[in-house]
Amino acid sequence: MSEDGHPTRSASASVVGASGFAGGELCRLLTGHPDFELAQATSREYENKTLGYVHPNLRGVDLRFSSPEDLESVDVLFASTPHGVSMEHIDAFRDAAGTVVDLSADFRLEEEADYDEWYDGHTAPEHLADAAYALPELGREKLEGADLIASGGCNATATMLALKPLVDAGVITPDDRVVADLKVGSSEGGAGGGAASSHPERSGVVRPYAPTGHRHEAEIQQELGLSLSFTVHAVDMTRGAAATCHAFPSERVTTGDLWGAYREAYDDEPFVRLVAGGGGVYRYPEPKAVAGTNYAEVGFELDPENGRVVAFSAIDNVMKGAAGQAVHAANVALGLEETAGLDFQGLHPVGSP
Amino acid sequence: MSEDGHPTRSASASVVGASGFAGGELCRLLTGHPDFELAQATSREYENKTLGYVHPNLRGVDLRFSSPEDLESVDVLFASTPHGVSMEHIDAFRDAAGTVVDLSADFRLEEEADYDEWYDGHTAPEHLADAAYALPELGREKLEGADLIASGGCNATATMLALKPLVDAGVITPDDRVVADLKVGSSEGGAGGGAASSHPERSGVVRPYAPTGHRHEAEIQQELGLSLSFTVHAVDMTRGAAATCHAFPSERVTTGDLWGAYREAYDDEPFVRLVAGGGGVYRYPEPKAVAGTNYAEVGFELDPENGRVVAFSAIDNVMKGAAGQAVHAANVALGLEETAGLDFQGLHPVGSP
Amino acid sequence: MSEDGHPTRSASASVVGASGFAGGELCRLLTGHPDFELAQATSREYENKTLGYVHPNLRGVDLRFSSPEDLESVDVLFASTPHGVSMEHIDAFRDAAGTVVDLSADFRLEEEADYDEWYDGHTAPEHLADAAYALPELGREKLEGADLIASGGCNATATMLALKPLVDAGVITPDDRVVADLKVGSSEGGAGGGAASSHPERSGVVRPYAPTGHRHEAEIQQELGLSLSFTVHAVDMTRGAAATCHAFPSERVTTGDLWGAYREAYDDEPFVRLVAGGGGVYRYPEPKAVAGTNYAEVGFELDPENGRVVAFSAIDNVMKGAAGQAVHAANVALGLEETAGLDFQGLHPVGSP
Amino acid sequence: MSEDGHPTRSASASVVGASGFAGGELCRLLTGHPDFELAQATSREYENKTLGYVHPNLRGVDLRFSSPEDLESVDVLFASTPHGVSMEHIDAFRDAAGTVVDLSADFRLEEEADYDEWYDGHTAPEHLADAAYALPELGREKLEGADLIASGGCNATATMLALKPLVDAGVITPDDRVVADLKVGSSEGGAGGGAASSHPERSGVVRPYAPTGHRHEAEIQQELGLSLSFTVHAVDMTRGAAATCHAFPSERVTTGDLWGAYREAYDDEPFVRLVAGGGGVYRYPEPKAVAGTNYAEVGFELDPENGRVVAFSAIDNVMKGAAGQAVHAANVALGLEETAGLDFQGLHPVGSP
Amino acid sequence: MTEAECVECGGTVALHDDLEIGEIVDCETCGAELEVVDVSPPVLDRAPELEEDWGE
Amino acid sequence: MTEAECVECGGTVALHDDLEIGEIVDCETCGAELEVVDVSPPVLDRAPELEEDWGE
């Protein structure tokens, strides 16, 4: 480690699934990261094409997609493949790299039984115990030096960031009824697309796409101990996930209590911005204010008439909800500057990023 | 009344506030209505200009805005002015027309005291008892022959349409906790606009604009007897209001019970389409599917894990939530065909109307 | 023909390709048409499903998709299938119906040779001489009583409507250089979609998708005698095609000359609105002002500095550019009221339909 | 200057007009710039409020707006005020700072007479001769050490970047007819807004807003010697300007000639990406691919049938078209690393930024 | 034209004549995809759902 | 109801009765803003344009 906090040599990194949305973002972050060097980016469909062929913002990057069959040995391997792929290849991944960061759900849950309940089972459950959940705001200890990291679900990330302060401060307890109503962008569906995600069908929607039973409930239950009523709506944006959580604490709280809870939780967090009331146009968390960044905006409002706390959070699903969270966790795991490579502040004005 | 259900002569109508969004829509509906003739359309700002100057879809209409000071005598006067204007001019309105349909909140609440609590009081409370709430799905009796009609709030309309079947069937009772999480378009703000509603600031948002304490709670309380936890978000569309209501019935219900309740409530309603599950792209209510129409899509999903019913509805705020509801109510009041002038079915595909 | 201009019985109609965008619009128009009855709507993929399964605005229509193999005998068959399908089935189509209206390019060009040059040849050239080009603004004579009608291309329609008055008035001649720069919505691509038309990739674009060599040049050449420099851009809307034509007349013209030319061409046209200057927000043709309608807005501006005339037009590609034009032409062919079934005036305000 | 190319101390900077769109972007760039320190940001309306009050992406910046009356002494003053303000205050600006970079049109034109013709005259013409036009791709010499820099117009920048290689290579000459058809985002209108720029009216448009006679013609004439036929359309995006230039060279050219011209012009330019054909989704310049960045995408297509070259460019109007260009020019003027502070690569996927 | 009752919502589903076992139809009322499990008289059952993943 | 000819497009502009000099009306055909410069008979002229700046 040199004097200015940067390691003396860059860590090498691979991205498996680099032609996808989260994978492209990983490539962007890693090529701009002071302490990483992007060694490999895989795609089966675009093998041998330049990264810029798929990701126009990476036209300047001098690298071509390679096959996921030929993994080089690197310091960190990031896997951003659909659910089920990483569990199948986890041995190869861990052979290739000292640290594996997986962005799928494959290593997020601790219990094999949960995969039976919420997914279609697990084929490499022996690795589950090794995995650390990536979201640093939930705790950094397990991440330091971790060699298998499971990056959180985007909707789970948004929801947990909104609620965690209330849980920590005891404002809400596992028995309290909590409704989480999410509004998310089209990039959550990945690059694959389908009939419902064509531009004519997907534009302008407020579409209940997971009215009940969303799988991210599982990791929220695990991480926060809360059993939520979860509903996800597709709305007309590409990037972004916004969580509105309606909680009904059994004890009366004041706005002061809430500020106390949120400041306690996040005052030292480099990537959380508290936004709760105030003036101007931007008074509560909004996804477009954090688009392209690793920031989360978190805020709340008290509804004394109804004994309700409304907790909000807004993230960029591809960043804080995926690639940014993964790089953040890798920074912690490798002992780098936490914020390295994640300094983009976002845009204003900005339309519907 | 002639043989084919149409009256022998058209009813004459005025629109006060015709340069606004709801007013322009009233002009569109009335000029296309088989049984109405648009006699007058007022605007102070655009006096003497053609309707098409403001509303490009009405370029073909041969009428110019006139001053609201010079009201002609007509059969029906529609007032679509901001809150507070109608109560001030109600005597002049009722002098000018046998039937007055007001689109503002000025005559929606029965009790003067409610105006003190939720608004800034009332200056013509003696008319409150005469007013009938316009939404026909809540009951047609009071509307027949009514001479003062109060068109409902757009967000209240959306919410009540989602919940009414559950209330009628006893699935939820006044003591049950209900969260209503709304997503609405920019036309709800009216033609006036402001800093937050400029295109660069308003595009792409998921913006909590009324996190708690929305005034429409008052009319929902009055009409359904429910006290809701209400939160309204601005999202990126121009027309549309979508309500997601999370209810926790004390008794266990089945999907069959819910279908029973919703079919009982709406099977005979000409402007309600039930959309709850099924296949394809459009499985639950979506505002863009009803944009430009007087239809409401209503649906639900059962969440047995959490003992929750999620009730959805989607309307066009300018139509079912304002001008369409007003014309529908006027049709009922005058004994016309209920659906007259309201036959547009909406578009597919359609982007973000 | 009854007294009020409507025929004594409805004409029966089939739509082949009814699950597509233009086909769905045909179904909407025909079910709402006073003089047509929709007998059949074909889809191979959605056979036996209700029309509402695909087109949510048609949930109220009591008809299911049937196979294009089983064509009933009807008065008019509308074919809205991809290029090449109609020419293959034209004998079956003409057997099934006295009047065939084809929305593809298959019968637009008079010369077989043109199909060799611009398309991949033609397999049923013997029908070409029977076909009448549908756009009534180019002439109604050939359409009256026609039994094979070729509905125009959407981009060609927009362009020709902008330029025809200049050609007719001799302001531009075949030798003049004319640039047509188009901006079009995503529904032009049809319901099929593809990688470039997924919501994340297609949103927010200004994308040159046919920088040169667009096939619609052929029909413009045929109908107007002009050889254009044509460039088409995809922009972020679902419906709509806007043409900006830059022409450099060899003789000097005045604004008065231009008004004369445009009024001469369109004063009696029921579906053309002239919009050229004036005040307010909507001063020139805009696609959103005509979305959902069969109207074209047409206008112009003189650029004396550069000796240029800029001619604009805006249409809804699915309506005036496809289904609306087809129904309009069928109305003419059958001797019905020209505007029957096409009375929707469009919306204001409206976002990005 | 230290070893790594960075100066030993940061330059101090002020932004006058910091509450505006270009001003906010300047604040973002300068606070993230390795060699600048933002000393002052002025606003009359938001004096004493934090930068984050107006620009939510700058919530982390510890600075409040101050009055433009109290200018501190700094190294560089950036003025991003409306046309006319800088010429009035230019003496105060130059007193306060060794280098003044003005983003308005006030110092772009060399001749006072041009201000009489295209604007409303000039009140400080004695400074015109001192000013260097900021766009480095037009020449860096005048910028080095310049103490008055006039940042180019956004639409002019886009157009000139598309055409300059053709001019330099002699493909087009001053007498050739060139049409420039632009499509621009709503942020070009600045934060002020107005009726036409409210979200409901401005969404989804393809609106000819400057059909002829756009003022940017003046600076293009000056810098490239070309007299263009210019037409600007508002389209539905917030950031972005895309120029499509239709040129008709008198001599025949080949695609090879064009590649030669463009590579010659831009191969060494750090902020120009050539995009002309190829495969995948992104084949020609698109504004969303460069949103938030200082990059320009530039490309072309040959239309041999019509003897036409179509030249495209796409920029972010707030960046390459304003704040980014200004910082780039300041970097050159101060002898800093040209790309310092401008390294953001843009996003993929991204919706409508 | 025969009819059957939808097992999901209780609505009436209109059925075409040459109905075959195993065919899938959607209910006009609730949109449910229904499988024809018997033809005379017609009986419908909820069709096995193709869980379409809409995201993440 | 009187009428006058639009100086911009030649269309007919319908005018209300109590017309006053200096009033501004828009032409139904071309939308031009027209100033009433005389009332009997009514004469219209192009109204001085408020150059609205739509951007940059």
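A, B, C, D, E and F are the chain letters, set down in written order, and residue numbers restart from 1 in every chain.
One rule holds for everything that comes next: contacts are C-beta pairs under 8 Å (C-beta built on N, C-alpha and C of every residue); 3 or more make two chains touch, one makes a residue touch a chain.
What you see is a predicted model, and the numbers here were worked out from it, not measured in a lab.
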| item | value |
| --- | --- |
| C-E or B-E, whichever has more C-beta pairs in contact | B-E |
| Chain whose average C-alpha position is farthest from subunit C's own | A |
| Interchain centroid distance [CA atoms averaged], subunit B/subunit F, Å | 37 |
| For subunit D paired with subunit F, centre-to-centre distance based on mean C-alpha positions, whole Å | 40 |
| Shared-contact residues (touching 2 or more other chains) in subunit B | 21, 49, 53, 186-187, 191, 195, 199-200, 203-204, 237-238, 275, 278-280, 283, 286, 349-353 |
| Residue list for subunit E, restricted to those that touch at least two other chains | 26, 31 |
| Footprint of subunit E on subunit B - complex, ascending | 255-256, 259-260, 263, 274-280, 283 |
| Subunit B - residues contacting subunit F, complex | 48-50, 52-53, 62, 64 |
| Residues of subunit B defined as touching subunit C within the complex | 21, 24-25, 28, 31-32, 49, 53-60, 185-187, 191, 237-239, 273, 275, 278-280, 282, 286, 289, 291-293, 297, 318, 343-353 |
| Sites on subunit B touched by subunit A in the complex | 177, 179, 181, 183, 195-196, 199-201, 203-208, 211-213, 227-229, 231, 233, 235-237, 240, 242, 244, 246, 248, 281, 283-288, 301-303, 305-306, 308, 310, 312, 314, 349-353 |
| Subunit F residues within the subunit C interface of the complex | 8-11, 26-27, 29-33 |
